[in-house]
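The structure appears below as structure tokens.
Order of writing sets the labels: A, B, C, D, E and F. Residues in every chain begin at 1.
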Amino acid sequence: MMKKTLMTVCLILMAAFLYAQEETLNIVVLGAHPDDCEGDAGGLALLYAKLGHHVKFVSLTNGDAGHYSKGGGALAKIRMAEAQEAGKRLGVKEYVVMDNHDGELMPTLENRLKVIREIRKWNADVVIGPRPNDYHPDHRYTAILMQDAAFMVVVPNIAPDVAALKKNPVFLYAADRFQKPNPFEADVAIDIDEVFEQKIYGMAAHASQYFDWLPWLAGTLDQIPEDEPGRLAYLARRRTFSPGPSTRESLIRWYGEKGKTVKHAEGFEICEYGKQPGEKEILRLFPMLSPEEN
Amino acid sequence: MMKKTLMTVCLILMAAFLYAQEETLNIVVLGAHPDDCEGDAGGLALLYAKLGHHVKFVSLTNGDAGHYSKGGGALAKIRMAEAQEAGKRLGVKEYVVMDNHDGELMPTLENRLKVIREIRKWNADVVIGPRPNDYHPDHRYTAILMQDAAFMVVVPNIAPDVAALKKNPVFLYAADRFQKPNPFEADVAIDIDEVFEQKIYGMAAHASQYFDWLPWLAGTLDQIPEDEPGRLAYLARRRTFSPGPSTRESLIRWYGEKGKTVKHAEGFEICEYGKQPGEKEILRLFPMLSPEEN
Amino acid sequence: MMKKTLMTVCLILMAAFLYAQEETLNIVVLGAHPDDCEGDAGGLALLYAKLGHHVKFVSLTNGDAGHYSKGGGALAKIRMAEAQEAGKRLGVKEYVVMDNHDGELMPTLENRLKVIREIRKWNADVVIGPRPNDYHPDHRYTAILMQDAAFMVVVPNIAPDVAALKKNPVFLYAADRFQKPNPFEADVAIDIDEVFEQKIYGMAAHASQYFDWLPWLAGTLDQIPEDEPGRLAYLARRRTFSPGPSTRESLIRWYGEKGKTVKHAEGFEICEYGKQPGEKEILRLFPMLSPEEN
Amino acid sequence: MMKKTLMTVCLILMAAFLYAQEETLNIVVLGAHPDDCEGDAGGLALLYAKLGHHVKFVSLTNGDAGHYSKGGGALAKIRMAEAQEAGKRLGVKEYVVMDNHDGELMPTLENRLKVIREIRKWNADVVIGPRPNDYHPDHRYTAILMQDAAFMVVVPNIAPDVAALKKNPVFLYAADRFQKPNPFEADVAIDIDEVFEQKIYGMAAHASQYFDWLPWLAGTLDQIPEDEPGRLAYLARRRTFSPGPSTRESLIRWYGEKGKTVKHAEGFEICEYGKQPGEKEILRLFPMLSPEEN
Amino acid sequence: MMKKTLMTVCLILMAAFLYAQEETLNIVVLGAHPDDCEGDAGGLALLYAKLGHHVKFVSLTNGDAGHYSKGGGALAKIRMAEAQEAGKRLGVKEYVVMDNHDGELMPTLENRLKVIREIRKWNADVVIGPRPNDYHPDHRYTAILMQDAAFMVVVPNIAPDVAALKKNPVFLYAADRFQKPNPFEADVAIDIDEVFEQKIYGMAAHASQYFDWLPWLAGTLDQIPEDEPGRLAYLARRRTFSPGPSTRESLIRWYGEKGKTVKHAEGFEICEYGKQPGEKEILRLFPMLSPEEN
Amino acid sequence: MMKKTLMTVCLILMAAFLYAQEETLNIVVLGAHPDDCEGDAGGLALLYAKLGHHVKFVSLTNGDAGHYSKGGGALAKIRMAEAQEAGKRLGVKEYVVMDNHDGELMPTLENRLKVIREIRKWNADVVIGPRPNDYHPDHRYTAILMQDAAFMVVVPNIAPDVAALKKNPVFLYAADRFQKPNPFEADVAIDIDEVFEQKIYGMAAHASQYFDWLPWLAGTLDQIPEDEPGRLAYLARRRTFSPGPSTRESLIRWYGEKGKTVKHAEGFEICEYGKQPGEKEILRLFPMLSPEEN
């Protein structure tokens, strides 16, 4: 597995070199648990990395409750290591795991300030996180914390220990299936077909999640293959990231005809509390949408 | 009144015996104050009880602010006693009143864990509570706490002192009239005509509320009858539980033609954060919807 | 500037005297920062004042983060002074600035009780504040605190040190541009053409905001005129309060044909958690909507 | 009783007039509950009032738990009224009762700021409160809050809505019987023989405490006289304020031989966190210690 | 081991039967972690149990941080099971383990109320816990919570869901070696020679602590015997409970000459915030001090 | 000033090189505000630095309230810059300023974990901070946080994102003048005569404190010299660090006769909650006490 990781890293570095541009984009993806950023924006991260841009993943909890037989700091250490490996596989330059208890994330001022600092330190152009409607309270409060960090990142009197951003980044929500009070609407949709397998490979680094905890929850622990190829195939079957209606519509908008046949995609909705980009700005921030220009 | 209560209890026990099934359902109703569960799901509770299922009411506050001339622990004791009596009248097997101040409920982690424990200890199949849109902050935060407990009830590392559930229950919102950001939509509607009087009788156990505090708030304290029959009639006039449009539609869906003429009903909307039941599962969880099978 | 202020005050006092009615209305406007009430309801406040009604502005934070080179208590003092001046210019009888840190407002019970007390002490008929959807977390939490104060203002056991209101006031949200989860809908719209310049003059008292901080944020600090007439003209250009679609529709509803040509307006949406007024009640509470009766 | 109160007030006003000095001293006494200031420093307050100085009592809770059959806001209102009456009887110019729940006082930043503001608004020269060693948690946390307010009262950036004091006042602890970790040591001791009956009369205004709650706790409710003279005599027997060893020693230091025969006294220990006064300063701040100079 | 436990239980039950008295004493021991009560008062608990009195152990945290390779809920479950076993071995009738994170105990109002309820539900005559001076923050805050519960247990308006005690219990601190701000002083000392081995056996139930975690911390994990006799001997060597000077002095006071030769003892210091017992009351509450009377 | 700083740095580096030892000691000094570590242990830090050991200063607040005309983030930035300069002058390798508001530090779990991480990241052998008795609440809570971090630094399940220490460091309190509940007792005393001027020079980097805020508080702002030599002389006169009785006694213990004539010294008291060092260990941890060995 080490070998595969290394090769990936090399390819990404080469790509980054070839496509080096004048302006490097800085992206922060916020997730509640180590493995949430991967599912929400792992394909996007790989595409950014290939173009030489800088992606940081931030998990707001340390994941110390996500297992049936392990827990606490002991589990957190396993998950932090998995996150580092996943980050490497996805071309992510930094993976921050905050030391908040899993299942206990609250939208406190303390946590808001931590999110503000991570966004500032990365000099973010784009910030991505979950919507405040989701089945897991940690996901919802991650969304609230992202909302609460928006705009405040430009106020110098807040968290004066880290220089304020000059401009409010564009904040986006990752796709979800929840309908109330309003469903997800994809303002941007990214074709991840070319990196789908690599995304799955990145996600698979979270072995304690995808091959232990989630199958245990689903009562399917006995169906998990032991070998890596089997596991990757299993995961690719379970997590297809096939576009929902809104994401499909957005794919067609951004990719034209080709958008109709994309198999795997990631959709994003622009949060109203950050910068509101026009089409040109969206194309600048998501350069994979206009490959000819690269 | 004692006699009437005893008779009710007997009838319910008999019914429970007659309709005894292989599988007993376990239901938890969450309310902000002692008397909220009664209004939201008192009819449903009676119908469950008749079929031998187990209903627990949980009030998240002790109601110690709901009066014009009494208050604090002194009032809480009155209301806890009223709750026990109401529970008996409604066939409820357990009535938990949490010792949180009325008017001060906050969506803290502490309170979330208390809700998780009550759901787990009851081995709940169904959990019912208010929507997060409502005129009273305690109602809204009860809803938030219910949402925050959903899913977490199956995570063994959370509240390890009480065994985690094997499956996420179905969570439902009780009906309300609030429109924003989105109105209540009845996924399930229950005809309570046959138990309407008994529901009113159960609610009437909250004398400090229905005959003291709420009329005082409305400036109609002088219109409250002194005798029990008069009070029951008064309450039945004021609280008709006549179905709104969405609940009516759902009644027709579940009861067919008969649904058009139901006078008193309780509607429930499925919360997206619990198990998402299909029609068959709904019929299993709400056996009063298919009486022939009983 | 002192002279102009004095004249304004005199005119308002005269107007108040001439139009003195039997019933004085009491209005509370809640804002997150010193200058928020002004923008949201400064025109309305002037119109109320002219009719002899009593308006109180309440800022839930002291604004101590809203500057690029000043901060803390030192800045708060400047902003409190600006607020007092703005209040005078707008005919506001009292301007309360709560000592909460700017950028750190949280929907705590403590803050809720402070809001309850301000509403009670003013014996409010009408309370106005932001919606819970807005780009600034302090705005959102101000909205939550307003919601959480609604109804509780009539409960005598809550904040017993200040007499509870007899009736729940009408609570309204000020207009904003945010669309999700649902857009602002104007139930009431007020033509402020006749007081527009005075509103701008009132806002201009917040020099540290309109001529320092906000231009700095926008990168336009060098475009700010030095002299007062220039500054007022600048502000009037930037803050036109030209009605959006929903407010326009409401203007036409309340003003008839004239509503189509109103240039500057303030729209308000009735919050579902306070008293729900009918048309007659709205006309009573907003007497500027029926000038012939005054 | 009204008559007696009025006469007291008149006498105190006259005394205040006669002894009017160039410098008026401002004193704040902090207590956890309405009736704590009275017991700790009621005699001192009377002596200050006679000399024309200004005493404010501040109760950090509203006393809403201190009864066996009443509670909440309903009880708080009774106790706030009792406090106002007690204040009148003791010559206290203002009696502030904070709306914190009795039995739930915590040393929060919010409460600290409230204490800071009360001290500043009174422009206090002297602040008195309990020691952090005491049987009641509210007493202990009142002491912590007093300690946490000391010095901060002079920092302008803290609570900028109320002007900071120019000088840190002298803070003192009232006497208690607790030995660990260190016993009370009287740095100042005040002979209250001449006002002892008036102090008892002031305390007696707290009828719900001295004639209801505390006897109920002690199981002596049946021993409480019904009539006022009987109650005053009962209270004078139970609360003699006879000086303990440390207070006796201090009495002798400050009063000489006369100190040996004082029957009723109040002792105070200088807190190390405020201004540290020398003998001369103590005599200035406690002018009743040198009556010849008045 | 099961057999040994069963025999112990039988012996204790027999003893309890033989020595059954008219008045059963109820004792609550508070510890921060599962295993703290055992060390502090395990011998005393055994002696109470032999005399038929009722002892409850309460651990304020679930111990979920006390291991080098396990943690979280997974560890908490192990420790809760160990606590139940230890309780059986020591004749403890109930062992409550609160679900607070180990290493994160804070003196919150929530936790105070939980302690109050445990004391009330046991109708405690005696409550024992640590002093607020100790090397572990959880120990210190357990002490603070015990202090904060003292007296409040008799106030009916506090935690009205559990009936208030009629009398404040006697609260005592268990012995420790800390000197500042003041050293432990034994007001009561108990000769535990006759139950020393049984105490060690009870403590040994906490295998994850005494044979895993604490040796790991000390770097002596390789010195731990594998077999039970070896482990018991090891523990008895490491934890001798040989009386310190203050406890020795107290032993002599209570046991006379015999006190000079006691090998194993437990000392207790009376907390000033509970009932202050005289000698006769101490002898009543600690009947093992006067065996002839039993 | 730059030149002087550079020279100091060079000298220290040279010294560090010359005295390079096998074992480098790691020291953390905790202060409430930027400038507290300097006063408490600035001389010690210089002596450590000369011997090649690694000292980190940590300020638990950002100092944003410590001025009469500036505040908030604007002030915090000034003070953070002053701290960096002071650190350089004192040979401190890292100076961490936590972003907590000055005057608002609370002993929260969040802050405790931050302190734990700083101690762990430095792999500290020695940790120094204030005693919990001090005139400023921030100082007291810094002390509580230090106490609460002691021992927890070795528990791997706590703050698992930073590797736990293998051994509990020695924790020490810096000297103060407060007497209750017990006075400071110097277990270690350090002769700082040789670095006194350099310590003063380091302190002087906090210009906003020593030449602005503190003189303003004392009413002596007009006595502050404008030029650097004058300021250094002024500061050296005001802050002599002449040893108090307990520190003098300790100086004699550690330095023998020479200890009697030391002019400037820093005393430290061993906290009971960390490792308890014997004399040999103290000499190892404070190598400046046995210069012949270096």
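Just so we're on the same page, a contact is a pair of C-beta atoms (placed from the backbone, for glycine too) under 8 Å apart; a residue touches a chain by one contact, two chains touch by 3 or more.
Predicted model, so just to flag it, every value in this text is computed and none were measured.
Student: Quickly list, by label, the chains bordering both chain A and chain E.
Tutor: Expected: B, F.
Student: Please tell me whether the contact surfaces of chain A and chain C are same or different in residue numbering, using the over-half criterion.
Tutor: Both copies touch with mostly different residues.
Student: For the sequence-identical pair chain D and chain E, what is the superposition rotation angle on Cα atoms, to the nearest 5 degrees?
Tutor: Here the rotation carrying chain D onto chain E measures out at 120 degrees.
Student: By mean C-alpha coordinates, which chain is most distant from chain D?
Tutor: Farthest by centroid: A.
Student: Between chain D and chain F, tell me the centre distance in angstrom, where each centre is the average of that chain's C-alpha atoms.
Tutor: Chain centroid spacing, chain D to chain F, equals 40 Å.
Student: Would you mind pulling out the distance in Å between where the CA atoms of chain C average out and where those of chain E do?
Tutor: That gives a centre separation of 60 Å.
Student: Centroid of chain B to centroid of chain E, CA atoms only: how many Å?
Tutor: It comes to 42 Å between the two C-alpha centres.
Student: Using the touch definition from the top, which residues of chain A touch two or more other chains?
Tutor: Answer for chain A, listing residues that touch two or more other chains: 64-65, 67, 71-76, 156-158, 160, 181-182.
Student: What are all the chain pairs that meet the touch criterion?
Tutor: Inter-chain contacts occur between A-B, A-C, A-E, A-F, B-C, B-D, B-E, C-D, C-F, D-E, D-F, E-F.
Student: Chain D touches which residues of chain B in the complex?
Tutor: 64-65, 67, 69-76, 101
Student: Could you please specify the touching residues of chain B with respect to chain A in the complex?
Tutor: 109, 112, 147-148, 150-152, 154-158, 160, 181-182, 272-273
Student: Within their complex, state which residues of chain E touch chain B.
Tutor: 62, 64, 72-74, 76-77, 80, 97-99, 110, 113, 156-161
Student: Show which residues of chain D lie in contact with chain E when the two form their complex.
Tutor: 64-68, 71-72, 75, 102-104, 106, 133-137, 140, 178-182, 217
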